[in-house]
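Since the structure comes first, as structure tokens, the remarks are kept for the end.
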């Protein structure tokens, strides 16, 4: 398993059907998510949380908005095989776009979301077209660099963004003119949950579309896609752009529900955290993003009182453990459990490792 | 007020430190195809061990340096066996990123636990505290030492790769791993030795560069992007590429900080994007030393 | 009638090493041509040149009258020049059905529909069902390729090629690596290929060559040695020398 992979004339690994695997080394099988039950389940759990944990709505709102962000990362990483440490660039762009629109022109929450999505999508398309010919370490560096530049631009454009103090005074109008963003955070949470559920539905539609099918092919074997007449880079750029829209909406949602936008919304640590959350939950499954975000932020909240270095050590050990023992994340653990419970009468060809 | 000469000296010294630390990362990426984000943590560990040895154990600078490199290498060898070996190969890129980030976090937390969050210094010996005359100009002795060490490292590595058995086997294994194995080259031992070399150099750089890259627990996270940038621009596995990239980035970064301080970072990342966009395989395009 | 594939003076050198020299050949609709030659003769290089994987140093390639020498591999595929691979190269995680769906959708340029449903795409189900039936893969339609027997994978490769509606089909050792028990199905599938299709097959197995080919082209050391019918080739002393001579030298 650890034999050095073959290389083609560029020195890149000859993926082919031999060594190419998903991002974390487990072979992707024919992808089925939880089926139609997955998304209603998320909605149901979300609503249950609303009633069961009324004092933690701020945290739950953050989880919902972050889950949408992590979902955007799943699109590029889990379905496109693009390893990026710069997804926060789109999140931050969306957040600032929404905030600036709200402060200066129109504070309707849907307009804000649209502004965020548009901004995130445009940045993603522009940078994606530039950098997605690269792979491996080079691509990683490029995504980091883009993120840093967005952060720097936000820092310098003080008049618009508030610079290092952040953008405050983002005060969204009532949803549909009726539901005010109250100080208990009820509207915020339900709004965020609704946006997340809609996001999941749209994402699900996309990954099951012809486009989604082609992207899965690109992530597994780009040369094979050329051999059937497709252009791998075109698919990846569009996917990156779509994910940018999701990330931008997530950023805008954060601006709507928290009322402020800070520089760290575009920063490298946020990109890295999203990656950790996604891997924790399990890539390539959409709902894995939700699980991972909830687990990570939930645990962080519980351990928040302790020394940040302890948290870091804990996360570090956790990451090592995931890579070594549970590469498919929590979702794969659940799936295995589900497989066991359903008994051995499954189709042979569709088991997931 | 820093003169251009002063900036150049600082830039070159900084670049040399970046080179000494990053070249190990470049070689391990070129040979084992592993993106080791914990490489900065290894440099940091080296620096901390030297600092402890010099300040608590009272060892002279040179001894502290040797002890630091030796202990860091010894401590990381088991990691190669237990962890890294499982994630070699470019198909495992994400696993590498995650595992090595995790390892970095663990090391950072550990360093903080053992030594606390304050800055650590490595007291310089008398010899390195003055200045060195170079004709009409004077350079701080420490900077001169670092520059000399960098040059020595470059030459030493070149000699190692071009003139020794080990070097030939290493280059063969990088160029064609299957063939190398077929020729009886013990790739596993080669990986271990190369890993040790890379870590040792990182530790060396961490110690030598403690004046320029201050030692505190976040060191590993703060500077890893720099080391990765050197490797990406220089081209994985290329010694001279790393040297050129490190010097270029070192000078650009230093110049940026002095001349246009408010845009320093922007400059660096924009340059990085431009270079990598034009030469995605690195400026020196290839894996030859 | 224009030839479907015209290759003229195709050459390739890597630095000082000449791997292909001045190869010319023509394929017409309905041709069944086998490309043979000893190992290292440059057969796969030739195919890589024709399909656009590597650029030639000299020469031209025409597909159905159109000069494709400068086009990318994907563009040539879209114009109807299809190849299969010597080692099966498929998407392990996708099912057999998904492979064919993707190929058809890609061919019809329907792959940028983000919100459409694959299963409901017009005409797709019928066409895919037809292909599965032709290749005898209907039973395993929903099996992930990673779980398929190798022979079935090779069949899928051919099905995939057909799904792209080729004008010229290049098969690179289609039965290589397939156990005898399964190779018959592949040979039958090749027999049943559309009559107006021009097929070029690289093969080492002479039984298969004689069964399949109406014309044979012999490559040696990057050059076209000779071409003709099976009878002519077998009788040609140069061919024997190229095959047997190298064996004699090996003593």
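Letters are used for the chains, namely A, B and C, taken in the order the chains are written, and counting of residues starts over at 1 for each.
Note that in this section a residue touches a chain if its C-beta (ideal position, glycine included) is under 8 Å from a C-beta of that chain, and two chains touch if they have at least 3 such contacts.
For clarity, every value in this text was computed on a predicted model and none was experimentally measured.
Of the two chain pairs examined here, A-B and A-C, the one linked by more C-beta pairs in contact is A-B. Located most centrally within the structure is A, per distance between chain CA means and the overall CA mean. Using the mean of the Cα atoms as each chain's centre, the chain most removed from subunit B is C. Inter-chain centre distance (subunit B to subunit C, centres taken as mean C-alpha positions): 49 Å. Averaging C-alpha coordinates per chain places the centre of subunit A 32 Å away from that of subunit B. Distance between chain centres (mean CA atoms), subunit A to subunit C: 41 Å. Shared contact sites, meaning residues of subunit A that touch two or more other chains, fall at 20. Shown for subunit B are the residues that touch two or more other chains, of which there are none. Every residue of subunit B that touches subunit A in the complex is listed here, in rising order: 29, 32-33, 35, 83, 85-95, 97-99, 101-110, 112-113, 117, 177-178, 187, 217, 225, 228-229, 231-232, 236, 262-263, 265-266, 269-270, 272-273, 276-277, 280-282, 286-287. Residues of subunit A touching subunit C in their complex: 16-17, 20, 22, 27-31, 205-206, 208-214, 216-217, 220-221, 223-231, 235, 238, 242, 347-350. The touching residues of subunit A, when paired with subunit B in their complex, are 1-7, 10-13, 15, 19-21, 23-25, 77, 83, 85, 130-131, 133-138, 140-142, 144-146, 148-149, 152-153, 156, 268, 272, 275-276, 279, 309-310, 312-313, 315-320, 322-324, 327. Partner subunit A is touched in their complex by these residues of subunit C: 72-75, 77-78, 83, 85, 87-95, 98, 101-103, 105-107, 110-118, 121, 140, 142-148, 160, 164.
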